[in-house]
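Letters A, B, C, D, E and F name the chains as they come in the text, with residue numbers starting at 1 for each one.
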Amino acid sequence: MRAVLPHPLLSMGLFVASVLLSDSLAPPSLVLGVVMALAAPQVMRAMRIEPVSVRAPLAIITLAGRVAVDILRSNLAVAQILAGRRADRVSGFIHIPLDLKARYGLAVLAIIITSTPGTLWVEYDRARGRLLMHVLDLVGEETWVRIVKDRYERLLMEIFE
Amino acid sequence: MSARILEVGLTTALVLLGLALVCAAFRIIRGPRAQDRILGMDTLYLNGMLIAVVFGIRSGSDLYFEAALVIGMLGFAATVALAKFLMRGEVIE
Amino acid sequence: MTDWLEHLIIGPIVLPLIVAAGMLLIDERRRIVKGVLSLAAMAVILVMALLLIHESTTGAVDGGDVARVYRLGDWAAPYGIVLVADRLSTLMVALTGVLGICALVFSLARWDRAGPRFHILFLLLVMGVNGALLTGDLFNLFVFFEIMLAASYGLVLHGSGETRIRAGLAYIAVNLTASLLFLIGVSLIYGLTGTLNMADLATRIPDIAAEDRGMVHIGAAVLAVAFLIKSASWPLGFWLAPTYSAASAPAAAMLAILSKVGVYVILRLNALIFSAEAGASAGFGLEWLLAAGLATMLFGVLGMLATRDLMRAAAFAVMVSSGTLLAVIGGGGIASLGAALYYLVGSTLACAALFLVAEILERGRDPGGDAGKAVFEDEYRDPFEDTERNDPGLVIPAAVAALGGAVVLCTLMIAGLPPLAGFIGKVAMMGALVSADSVAGWMIVGMLAVSSLAAVISLTRLGVGAVWTRDETAPNLVVGAGEFVGIAGLLGACVLMSIFGETVLAYAQHTASWLAEPSAYVGAVLTGEGR
Amino acid sequence: MTIGLLLVLLVALPFIGAVVAAGLPRHARTAAAVLSWVVAFICVVCLALLWPRFQDGEVLQLDIPWIPSLGMNLMLRLDGLSWLFSALVLGIGALVVLYARYYMSPKDPVPRFFSFLLAFMGAMQGLVLSGNLIQMVVFWELTSLFSFLLIGYWNQNPLAREGARMALTITALGGLALLVGMVLLGQIAGGYDLQTVLDSRDLILADPRHTVALGFILVGAMTKSAQFPFHFWLPRAMAAPTPVSAYLHSATLVKAGIFILIRFWPVFAETPMWLAVVGGAGMVTLLVGAWTAIFQHDLKGLLAYSTISHLGLIVLLLGLGTELGAIAAIFHVVNHATFKASLFMAAGIIDHEAGSRDMRKLSGLFRFMPVTAALAIVAAAAMAGVPLLNGFLSKEMFLAEAVAGAGRHPLATALPILATLASAFSVLYSLRFIHATFFGPPPTALDRTPHEPPVWMRRPVEILVLLCLLVGMFPALTVAPFLRSAAVSILGVDLPYYSLAIWHGFNLPLLLSVIALAGGVGLYLLFGRRINANGTGGPLAVRWLNGGYLFEKTMTGLFRGAELGMTMLGARGVQQQLRVIILVAVGVAIIAGLGADGLGLAAPVLAAPSLMDTAFALMWLVGGACAITAAWQAKYHRLAAVVLMGGAGLASCLSFLWLSAPDLAITQLLVEIVTTVLLLLGLRWLPKRLESIVVPDHLQRRSRIRRRVDLIIAAVTGLALSVGAYAVMMRPAITNGVSQFYVEQAYVLAGGRNLVNVILVDFRAFDTFGEITVLGIVGLTVFVLLRRFRPYGDSLPEPTQKRVQAASDRRREDRSEGDTLKEAMLVPQVVMRWMFPFIILFAMHLFLRGHDLPGGGFAAGVALSVAFVLQYMASGAQWVEERLEIRPAAWIGLGLLIATLAGVGAWVFGHPFLTSAFQYADLPLLGRVPIASAVVFDLGVVVLVLGATVMMLVALAHQSLRKARQAASADAPEDRT
Amino acid sequence: MSVASMPEWAATVIAVLAVGGAGLSLLGAVGLVRLSSFYDRVHAPTLGATLGMALILVASWLYFGTAHGRWLPRELLIAVFLTVTTPVTLILLARAALFRDRTEQSEPQEKPVPMGGDQPGG
Amino acid sequence: MIEIVLALAIGVLGASGVWLLLRPRTFQVIIGLCLLSYAVNIFIFAMGRLRVDAPPVTASGLETPALYADPTPQALVLTAIVISFALTALFLVVVLAARGATGSDHVDGEEPRG
């Protein structure tokens, strides 16, 4: 099983992507999807990439929902700032201590934070488990630490550790 | 009527995106630092991709989709290379 | 024609490519295999070229000339790309073959080890040249020009070293610019005529609307600039001498044909598109070609006189020969054109031979100098710990005498002194030009005489310097057997051209008349429909 | 034996002998001499056999076709004149060979000498036996060539090299003139056949171009025969071994020009130009040569100038335009050859046995070598025109003609006076030659004691001197028939009366002769001591007339002038060359446009822009601004320039999208991404350019001007491009072009819906085939170049960023070197690695759908290469190459092979290269699927593009690694800064 | 199905989504111009890269669904890949900027740049 | 209208490219060649006349040429893009090699002499 499907999640993603690319559910497109889903991950095997193992699949959905909402909210918040409605705004860097150690977890967290308007993942110190973040609207360091740790980190640790 | 609504809406969107291109280009040209230019470039790519999508809708053809996907999927290779160069002085180590 | 003969036309293009591609899969260290393979390929190409010559002179039903057309992808012209083998293109392919074999044999003694992938680049250069000569499509011509140039870039840089790299830089910069002009010219012509096929273009030019003709002429003029750059016409060819003289000898010898490909294209397009049947465009730009040709001859003459280096003198000789051809195309008329084609073959061979000889003489002369010295190095060792490796060839006692003889023969050829082909070509050109008794004709005759004299003065000066001032204490000339064979081959070809002067000259004269009547060419290309 | 064979042997045998001699071993002196002598002897026999075969005025001809279409045939023609000249060439040749055997040192490569000598003999034979104008030029030039080789025989001697070069330059100049003249003459006469030309005298003279032809021919003849002002090469040629001087520079080579003059005498002799130029040049040469000869100290130099003088005499005789003059000229040719050759040989003997040719060192040699002295005295007397010797006879004829011709000739009464003066000079230098060498006290300045030469070295001299005596005393019994035969071949059978008798009674010529003799002796008595003692140059006039000096100056001037011309007409450096190219291209386009009836340019219609147009214009506002800023910033802000270029590129991509070219947009985007990475990889190795670098004022001013000019050039070029593009865009589309066929037939005939792709892989697949070959070649070249790449010293150290980051890593205890990089790449790595399979998938789709929808092999290949590069960027080269097998060179080869085999495959089905097949296949599970063989071709494209692109990127990336490796190794190359 | 048969509400929705998305993107780009420090400017384009992009992609999906009956959400591909890749650039860029600012202390910064732990000057 | 814009675009790209092409530093020349090839690519493309919303991708069957943009120039541009990409890469590498060998990034391989 490992030889054929070293990265089952990846294969699934590839299959879906292939079907979407073909823009069709006709048999040739599905066959191509299967072939690609089996073939393309071989390259990951050659590169000896450690597979993703998801411990709590349901948590993913929760996380996705939260992120979607946060991104939406942040969009509106940042839009207001850019529209010039918040002259008193202060931006700045903040340090956030992270317990999350899993590589993929950290990657997802980085993507979430950076994708959310108004926050930016800048630097992660692995030795100290500390993240340096830039925030467009520095409403208070504690708020941001809580948001990151409670809303994302905990779920990510559930999923990846 | 639908066609007219679409026409007006999508053309407006294209003009807005065009203006966004101008803003991004301003940042590229103005700088002042290399990171600003690269950021401008990233924004330029993003808005270019959006133009491709909107233009695809406007012409009612899915022939433009791949072009948008190329930017969406591979465009970051250029900006990543630039950023890496800035960070390390070398793209590939 | 049997089946395999049908495909003969593409042979000189596909064969070197297949061999080169195959070699890429062979370990670079297996040099003997590669040498044998490329030599065999070149030999076969030459045989093919000779067969093609035979075909193009005897192929027609009534025994006359014919343009053999090869429809690539089985698409009829003008929709697909066609290869056209006629007297002119096959002659040039054969010339490339002779030159290629000799340069290759020469390189086997030593030069093919001056850098990796020599044989591959060499064969691909041959492929590019043959393609450019055979194609009947304007844009495909661009593509083959690029193949030819890309390979020539590689070969110019072959052997590395500062001089080569500097010269290569200038060479590439100029040729990239020329390529852009090529594209502009081709696309303008396409934009106004809707076709890229040369024969089709020839049929469309006469009927073109009056208000479009100016734009077509602009396109043609820009295109001509691109070709004139490649044929090193003044004032577009200053790059030639530094590049050719810096290149490794076998590369320089092959480059001798490259400038002639530029001339060939000018001749071909001029004959097809601006022929007497081209209506208001007939004879477009000929006076400019004449002027450019004369100026090029003058510049080449000055260069030959000014230089103190035999390689450079050879390079300027290439310019003089290009200039001569351009001038004759521009102002000579058919009779002198025939003679000029004969001259083209001879001068190309001679210049190539001179490059080879000069390199040996310079090599033996200046063992310590490293300006133009190649870095011989095995690709599989760490490049940072390379030590010079200079494979000795045979130490031939009479080497100096033999090389002196070769210099003499080259001088005779280039200066157009009897009894070799250079003289025959010059007499033939002069005869035709004098009997035409035009101002242009006399100007060319004058420049011909001046260039001959300059060649004598320059080459004796440099030849005497290189051969006669070698005293007993000078290091032995180390010359590989292959190097001798290569030079002897080129000069032998010159001698054969002289002995069989009548045959070759008749072929050339016939080719000129064939060019003057493009309808047969056009007719052969434009028959057949669809697939 | 047939006549034809004999004729052929006369010319061919010497050449055959030359080839054989060249093959002899280096020391085979005797063998070579014997061979040469045998050749000469056989030729003499052949010539003798031919003597009785033609009667008065008859001509033997043999026509061997060579290039009949040009009228260039080997036409061997024997008549009285050529027989006489041929006899001279062969006879003296045989004697010289004998002499040379003893003269040449065993240390020299003597076989080569004889080889050249025989080849020269053959060339002379070819010339005098020539019945074709072009053939004359051929052998004429061959005599120049072998003379060059013979003069330069002792090439270790710089004087020999210089002399040889000078001789060749002058005679080649003459040869070219002769060629032009002959070609023109042939054109006028209607053929190159000599007989035709001789027969069409009236036709030729009626053509006004005949003066041009004659002018060129005369230049040829005068250079070869050392006529003023081309005479100076001859004394310089004396650096040759003496046998060469004796043979070439007295008897044969220098007579070639005279031979030509005699040959065409019947045609041109009466033209005013002939009388003026030939007569004038002859007169001047006669006097200048004689005058200069007087002051020479070198025996050979004296003889050389004397030769010049005598050649002038002969030319003057021909230039008189009288029949008797022509006969006298022919006679003097023979006489001069005999006495001058013997004198040269004698001089050679003196040089050989006494070790010097300097008359100031030589003295009283009579007592050491009485026989040689006696021979030399007789020969010199012949030269001086002493009665009872052959020289007297022809000089009497000369003086007679001078007197007779005084009335008609342009020189009028000056003619006899000048002739007498020249004769007196001749007596003077002959006397000096003899007196200074053989008489007086024994020599003191010589290194050795002189003695007689080996007997066989003297024999040739003896034979020649004997001839001088015989002819001088019994002309009617010896030379008369040959002279008559030669004269008849020029003048026809009705010869004027002439007498070869010694005594014609007391007459004016005799008086003049006596005056000359007495004057010469008197002058020597008066001035001999001063002449012998004078310094180097002699009187002012001699130095002033030193053409050799002028020639050297001319040559130096020529080389300098050429260099100057090169700088004026040439371009320095790449920039100038490119500037010229752009200017010419724009200029030529403008001229071509102006020359046309009109360009159909419509004035731009400025309607109110629609909203869509505004969006398009905004895109180009961005693109244009980026381009201009890139141009402005590229010098100091390279990274910015790369980014700005990307901006301009994106505008291009979007335009392609906008204007219905999605394939272009995709391809351009992909290429741009790769180009950006490539440029960044290269940027590492280029020097930093700082605005703070101080440039000197004058350079700044110059560069400011240059920048302004360039700005104008750029603006004009841009404008030209704009106008050209606009003019075509506003024209109605072509409706009968090839594209219409593509649109109509692409699906039906080629089975594809994406027309662009169908064109690329089917209609014009050959273009694509070539295009990928270019890519492959470039990939290889890049690889080849980078294997040899040596970074310049200042780019060797690691980039600042890397060094500072490494240092900070080292400072902290909880971190190790490289942690900063690892942490920074932690997130990017994950994304970039996981994108790999998705990009592969995407590339696969681009490839598969290409035939019907935007995409195709090239786009797929580049997309794949981007995937690879992302891995390199994310994880480093080492990481990638430990895991994936990257063999770009093999991929290039494989791609080329696949594409080629896809093309060749058509042969199997009897179709031309690259013929594609297209069919629907019903497959289980999949249903009806279109299968086009062009896909295989496109697969080759993918593989090759991947290989080439990866090759370029990776080879460049590896430089950093190599550098690191090199820094680590102990034996790093020397620092080059 | 085609544009002509598309209900007006759908057209309106599509138009609004497109204009909204474009507007957000423009706003982000304007931020790029207006914000004064680099670290602030980095945030601006995210607007277009998230919600702006999403709105436009949804518009596209709706359009091709309603007009051409093609409901497979191909646009998802763009959304996913863009979301995943944009942060990569931004993170690297911010990191590079931080590094440069730390090393070039001489250049005055509007906002203080945090030092990386104990690293004096970088 | 778009014709004017595109013509101007070609002109601006071309002018910028030419200006850089004539500059002394190799890097400037590379950028110049890139810009010039953009200009030329669009120029070639423009020779097929401009069409909006008419990509040359046909339905399956016989077709009316007037409905589609001219595909030929597009194919030519594709080839030209590839070739100019390749040659730009090559030129870059030669530039680097020249810089390594001569130490100068001047196009002539040496700094201009005063």
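One rule holds for everything that comes next: contacts are C-beta pairs under 8 Å (C-beta built on N, C-alpha and C of every residue); 3 or more make two chains touch, one makes a residue touch a chain.
Just so you know, these numbers come straight off a predicted model, no measurement behind them.
S.K.: Given the touch definition stated above, what is the smallest step count connecting chain D to chain F?
M.R.: 1
S.K.: Work out per-chain C-alpha centres and flag the one nearest the whole-protein C-alpha centre.
M.R.: Measuring from the global C-alpha mean, the nearest chain centre belongs to C.
S.K.: Between B-E and D-E, flag the pair that has more C-beta pairs in contact.
M.R.: Answer to which pair has more contacts is B-E.
S.K.: Going by average Cα coordinates, which chain is farthest removed from chain B?
M.R.: It is D whose centre lies farthest from that of chain B.
S.K.: For chain A, which other chain has the most distant CA centre?
M.R.: D
S.K.: Starting from the mean Cα coordinates of chain A and chain B, work out the distance between those two points in Å.
M.R.: One centre to the other, that is 22 Å.
S.K.: List the centre-to-centre spacing of chain A and chain F in whole Å, with centres computed as mean CA coordinates.
M.R.: It comes to 39 Å between the two C-alpha centres.
S.K.: Chain B to chain F: how many Å between their CA centres?
M.R.: The answer is 21 Å.
S.K.: Please report how many Å separate the Cα centroid of chain C from that of chain D, as a whole number.
M.R.: Whole-Å distance between the two chain centres: 16.
S.K.: Two or more other chains in contact with one residue: find those residues in chain C.
M.R.: Each of 139, 143, 146, 150, 153, 157, 160, 169-170, 173, 177, 184, 188, 190-191, 196 in chain C touches at least two other chains.
S.K.: Give the residues of chain E touching no fewer than two other chains, as numbers and ranges.
M.R.: Counting only residues that touch two or more other chains, chain E contributes 28, 30, 42, 44, 49, 70, 74, 77, 81, 84-88, 90-92, 95, 99, 116-117.
S.K.: So which bits of chain B are touching at least two other chains?
M.R.: 12, 14, 17, 19, 21-22, 24, 34, 38, 40, 62-63, 69, 73, 75, 80, 84, 86-87
S.K.: Which part of chain D faces chain B closely enough to touch in the complex?
M.R.: Residues of chain D touching chain B: 611-612, 614-616, 618-619, 621-622, 625-626, 629, 639-640, 642-644, 646-647, 650, 653-654, 657-658, 662, 665-666, 669-670, 672-673, 676-677, 680-681, 683-684, 798-802, 805, 821, 824, 828, 832, 835, 838-839, 842, 846, 853-855, 863, 866, 869-870, 872-873, 876-877, 953, 957, 960-961.
S.K.: Within the complex, which stretch of chain E touches chain A?
M.R.: Where chain E meets chain A, its residues are 24, 27-28, 30-31, 34-35, 37, 39-40, 42-44, 46-47, 49-51, 70, 72-74, 76-77, 83-84, 86-87, 90-91, 94-95, 98, 111-114, 116-117.
S.K.: Within the complex, which stretch of chain B touches chain E?
M.R.: Residue positions touching the partner: 1-3, 5-6, 8-10, 12-14, 16-17, 19-24, 26-27, 33-36, 38-40, 42-43, 46-47, 49-50, 53-54, 56-57, 60, 62, 65, 68-69, 72-73, 75-76, 79-80, 83-84, 86-87.
S.K.: Can you check the complex and tell me which residues of chain A touch chain E?
M.R.: Touch residues, chain A against chain E: 17, 19-21, 23-25, 71-72, 75, 78-79, 81-84, 91-93, 95, 110-111, 114-123, 125, 128, 132, 134, 136.
S.K.: Considering only the defined contacts, which chain D positions touch chain E in the complex?
M.R.: Counting only chain D, the residues touching chain E are 800-801, 804-805, 808, 811-812, 824, 827-828, 831-832, 835, 838.
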